[in-house]
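Here come two complexes built around subunit A, the first alongside subunit B, the second alongside subunit C.
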Partner chain A sequence: MSSLELLTWARGPALQAALVIFIIGMLIRVLEILLLGRKTDLTRARAGQMGPGLRTIFSRSLPVSGTWKQHLSGYLWHIGFIVVLLFYAPHIQLFKQGFNIAWPALPTSLIDIITIVTMAALVFSLSLRFTDPVRRMLSTVGDYFSWLVTFLPVATGYMAFHNVGPDYTLVLALHIMSVNLLLVVFPFTKLSHAITFLFSRWYNGANAGRKGVRV
Partner chain B sequence: MKQDETLAEHLQGQGISRRGFLKFCAATASMLALSPGMAGAIADALGKARRPSVIWLSFQECTGCTESLTRSHNPSVESLILSAISLDYHHTLQAASGTAAEEAREQAMHDNKGEYLLVVDGSIPTGAGGGYSTIAGISNLQMLEETAKDAAAIISVGTCAAFGGIPYANPNPTGARSVMDLIHDKPIVNVPGCPPIPIVITGVLSHYLTFGSLPELDNLNRPLSFFGDTIHDRCYRRPFYDQGKFAKTFDDEGARNGWCLYELGCKGPTTHNACATAKWNNGVSFPIESGHGCIGCSEPNFWDAGSFYQAISSSPEDLSRAATGAIIAGAAAGAGVGLYNKYKQSRAKDKHYTVTTKDMEDS
Partner chain C sequence: MSESVDRAVNAMKEQIDAPIASYFSSCVHCGICADACLFYTETGDPQYTPIHKLDLMKRVWEREYTFAGRIKKWLGLSRNITENDLTKWETLVYDSCTLCGRCSLYCPVGNDIVTMVRKMREAMAASGHAPEGLQQASKRAIEIGSPMGVTLKTLEAQIKHAEKEAGMEVPLDKQGVDYLMLLSSAEIAQFNEIIPAVTRIFHEAGVSWTLSSEAFEGTNSGIQIGSSDIAAELIQRIVDGAQKLKVKYVISPECGHAYTALRWEGPNLIGKPYPFEVVHIIELLDQLRTQGKLKLEGKDETRQTFHDPCQMVRRGGVMEQPRNLMNMVATDFVEMTEHSLMGWCCGGGGGVSANERAEPLRRKVFSKKREQLEEIGVERIVTACSNCRNMLEEGLEDNNMDEIEVVGLSEWLAEYLVTSSPRAAGDDS
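Moving on to the complex of A and B:
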């Protein structure tokens, strides 16, 4: 199989299959959580549920004392990842031709800088897992795997843009394959938190609000 | 050209000056990525070269490769190089026909056994026992195998011969194959392109005439000196790509300002060829310079690589349809899983019974 054939397959049938697995997997995850529902609480709520629940979705993202390093690196790579995904011109082409929606792109040079920052923050996040004894003990193979499948699309995308590696076509194919891998494993790993964090945080906040705990 | 005449003598007879010939040799050295000092060696070797026998076989093709070669910018040293080789068999160019033509091929094969160059353009149909295309009563496949047997090397000219080209495109009704799919025991150089650049063909021939060997090749058997870089690497519009300036339509302000054609489907980033440096029509321009994106014609399966007008980063598949299907299937599956969980929950609840202290005392 030549590089071009691999690229054609990666951005064609493979991407289509990965997208289908991603959507079906995420819908199953979300619906099974939502449809299970909650046991009726017969006690009288001490305070509201909705307000504290919604507030917690955001408040849990704020750094608390002593955590600014991981919060900063977390912010940087999460935001960087989303900006590069949504505002790099070739990515917008995918949305435009795939779903007929488009928006203005950011300058390529700016995307380039954001990509470097994203990769640096991801590497820093990994180093925290290695250096912090508690975090190292708590980390599982799944955590490292999730880091890897997140890092690979960014790194291969950067390599493709800068013509690093043996052949642009091959590196671009590997970039799209790494995105396909990310899409496929997304619903079945901790990466699904990208959606489920909304429910879990709301649930915790609503629970605390119900008990009269200030959140 | 007389059989014993050297190339230098022949060119002189054609009115090509020594200076013109040396210019060609210097350009060839440069194109082949050799040191400038090699120009003299090329001039020396080519000047003394006797014309080698070349058999040119045309199979499933459109004659575009021959058109490219012969009608590029006549008269030129490149085209004279071709007349300086002994082109003993070529459907389009030979005067002979019928039995006489086939006899010429057989004669050339016999007289130059193990030394002649075989040039092939067009893919080879293998379906229906090779019956889709025959010449003088024998199938293309038979003719290729027969002629390749005693060839010194094979040059596959054009994407059809190199990688199958348009006849190989899905669904490939004739069972078209490339030369390297079928011949495995001879050195093969692929000079793809639809059509290939004339100077690339003559460059490979010049290399063979000068050094008696074939140039360094990439993993797809293409000469590295011509196919080492992508169109994108050498494109004069590359700075616009780096700045994120893209033409959105073929007639917008971006297009008029010469901005990058990536969003209009340019395949320059994934296409290896010398168009951006050698150019076409005697160095006048190349497709991107005339406002059209590269279609990737020198890469395998470029016909099946999606629309020419779709950006490389987009998918040739219908993603929105697949996504809609997935949403319906996912919603159904999610609802099914959710309801099953509910059922399990209520069953567990039904099975639950309360154990009192009395029950424990009794047991």
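Moving on to the complex of A and C:
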């Protein structure tokens, strides 16, 4: 298979299959949670739970009690990842092809810097898993695997952008393949928190909210 | 699999609902919850990371309730829970967690970790892996009616004493009044000044109330050990007592866990809503304040602070009320740097104080409170939980800081009460 054939396959049938697995997998993940249900709380509520639940979905993005340092690398790579995904011109081009919607892109020089910061933050997060006793204890094979499949699209994207390697087409194909891999494993690893955090934050906020506690 | 492991796993399965599944699904193993927990911050030992205390439950959730986990199980790759695991986690779940709920504020994905620990204790208790101290306390609660072995006789003696002190009758088993007041074991046995204090306050405020000879104990060891069955039976006794006296309200004593048990778990435990409302004594005093029925006079210039009982404040929503009350008479009320929602636990809640094995650890982690107190340099700590009070007194003594006075909020306020009727002779407060 030539590089071009691989690229065509990666962004054609492979991407489609990956998207299908991603969507069905995430549906399974969400149903796994919701189908377990929750008993009605018979205690007399002090306040409603809807408002506090929704509020917590947003408010919990802010660090509490001086923990910003522990949050820093997390913030950097999450924001970096999303910005590059959504505001890099060729990505927007893809959205346009796929869904016929587009928006202004960020200058490529800025995207370049953000990509470097994202990779650095990811490497730092990984180093914490090895060096910080708490994170070392909590880390599972799944955590390292999740790290890898998150890092690969960023790294291969950076390589493609800077024309690293002899064959641009091959690097681009590998970039897309790494995205496909990310999509496929997403629902079955902790990466699914990208969706399930909505539920966990809501339940926590709602439970506290009905007691009249703002968490 | 041994029988007790079986029981533990089944109990965990029963406890796992949609919120728990969402918490485990969302955890990213970032370790931030460790910084919330005084057992970690004061020891630096990673095993005290809050979410790690739930590792066994996580294994069960993964294996039974996730797609990937079931495939792993089918391939024979899942890790089973052993008797050894249960023994190891017993100390993590009971000795190094006060159910203070601080971790539930820290987790970036919003995991309500304390709720999980509470549920995990159900599995531990069901499999017989609960600390001796808590087992004994629960047994006494069921058999004698009080975890500390306090009986009606003790209460009656205290009532007599209180009547002398307050110079008025302490109502017992009075039908048709508005409020039934509960007490915690420690309040009957140790901090009994609370009885004359509320008697006088209620008298001045015109609150119609009573104690009950059948339902006087608010402490609920069932919640602490994690046995919904025991907890439900203890709650049912209160419900029966309240119904017999036909009260409209039941007052939770100055005890955090009693409040959680009664107010936020009770109806779910017995499976039906209460025919009355529950108020915490501090909540009621604050209501009386807003109604102008709590008349206090005099100002106290002592530099003092308020220690937040976790279950009343962070877990119970009675946060502003104690501060409103303190400010009625204190002119030099200072807050600890982290207070209210972010307050640090005394180290002995959630049954830790009833668990002898945990004592060295509990005394060690008091360093957090010591640090907080040293920072603001106060002469008095006011609190509103008899367990916190005990822990604070003990901790201050351990750290040679016992020049700091520890008092309960209700009785402290009673000292400033504007009194219309003459007090009994010999009372000099």
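Operating definition for what follows: the second predicted complex is superposed on the first by the 204 of 215 C-alpha atoms of A that agree within 3 Å, B and C clash if a C-alpha of one lies under 4 Å from a C-alpha of the other, contacts with A are read in each partner's own complex, and residues count from 1 in each chain.
As a convention for this text, contacts are C-beta pairs under 8 Å (C-beta built on N, C-alpha and C of every residue); 3 or more make two chains touch, one makes a residue touch a chain.
These numbers come from a predicted model, not from an experiment.
Trainee: Could you tell me whether subunit B and subunit C fit or clash when both sit on subunit A in the superposition?
Mentor: These partners fit in the superposed model.
Trainee: Which of the two partners, first being subunit B and second being subunit C, lies in contact with A:Ser200: first, second, both, or neither?
Mentor: Once the two structures are laid over each other on A, A:Ser200 reaches subunit C alone.
Trainee: In the overlaid three-chain picture, which partner chain does A:Leu94 touch, first (subunit B) or second (subunit C), both, or neither?
Mentor: Touch status of A:Leu94: first partner only.
Trainee: Name the contact category of A:Met50: first (subunit B only), second (subunit C only), both, or neither.
Mentor: After superposition on chain A, A:Met50 lies in contact with neither partner.
Trainee: Check the residue A:Leu72 against both partner chains and state whether it touches subunit B (first), subunit C (second), both, or neither.
Mentor: Neither: A:Leu72 stays clear of subunit B and subunit C.
Trainee: On the A-aligned overlay, A:Glu32 touches which partner chain: subunit B = first, subunit C = second, or both, or neither?
Mentor: both
Trainee: Go through the superposed model and pick first if A:Ser139 touches only subunit B, second if only subunit C, both, or neither.
Mentor: Only subunit C; A:Ser139 stays clear of subunit B.
Trainee: Quick check on the superposed pair: does A:Ile82 touch subunit B, subunit C, both, or neither? Answer first, second, both or neither.
Mentor: In the superposition, A:Ile82 contacts neither subunit B nor subunit C.
Trainee: Students often get this wrong, so check: with C-alpha centres, what angle lies at subunit A between subunit B and subunit C, to the nearest 10 degrees?
Mentor: Between subunit B and subunit C, as viewed from subunit A: 170 degrees.
Trainee: On the combined arrangement from the superposition, state the nearest Cα-Cα distance between subunit B and subunit C in Å.
Mentor: 9
Trainee: Pick out the shared contact residues on subunit A: the ones touching subunit B in one complex and subunit C in the other.
Mentor: 25, 28-29, 32, 34-37
Trainee: Please output the residues of subunit B touching subunit A within their complex, sorted ascending.
Mentor: Checking each residue of subunit B against subunit A gives 220, 230, 232-233, 241-244, 246, 262-263, 269-270, 296, 299-302, 304-306, 310-320, 322-323, 325-327, 329-331, 333-335, 337-339, 341-342, 345.
Trainee: Which of the residues in subunit A come into contact with subunit C in the complex?
Mentor: 25, 28-29, 32-39, 41-44, 46, 56-57, 60-61, 63-65, 67, 70-71, 74, 132-140, 143, 188-190, 192-193, 196-197, 199-205, 207-208, 211-215
Trainee: Which part of subunit C faces subunit A closely enough to touch in the complex?
Mentor: Going by the criterion above, the answer is residues 16-23, 25-32, 34-36, 40, 44, 46-47, 49, 51-52, 65-68, 104-112, 115, 263-268, 271-274, 277-278, 314-317, 319, 338, 341-342.
Trainee: Which positions of subunit A touch subunit B when the two form their complex?
Mentor: 2-5, 7-8, 11-13, 15-16, 19-20, 22-32, 34-37, 89-91, 93-94, 96-100, 105-109, 111, 163, 168-169, 172
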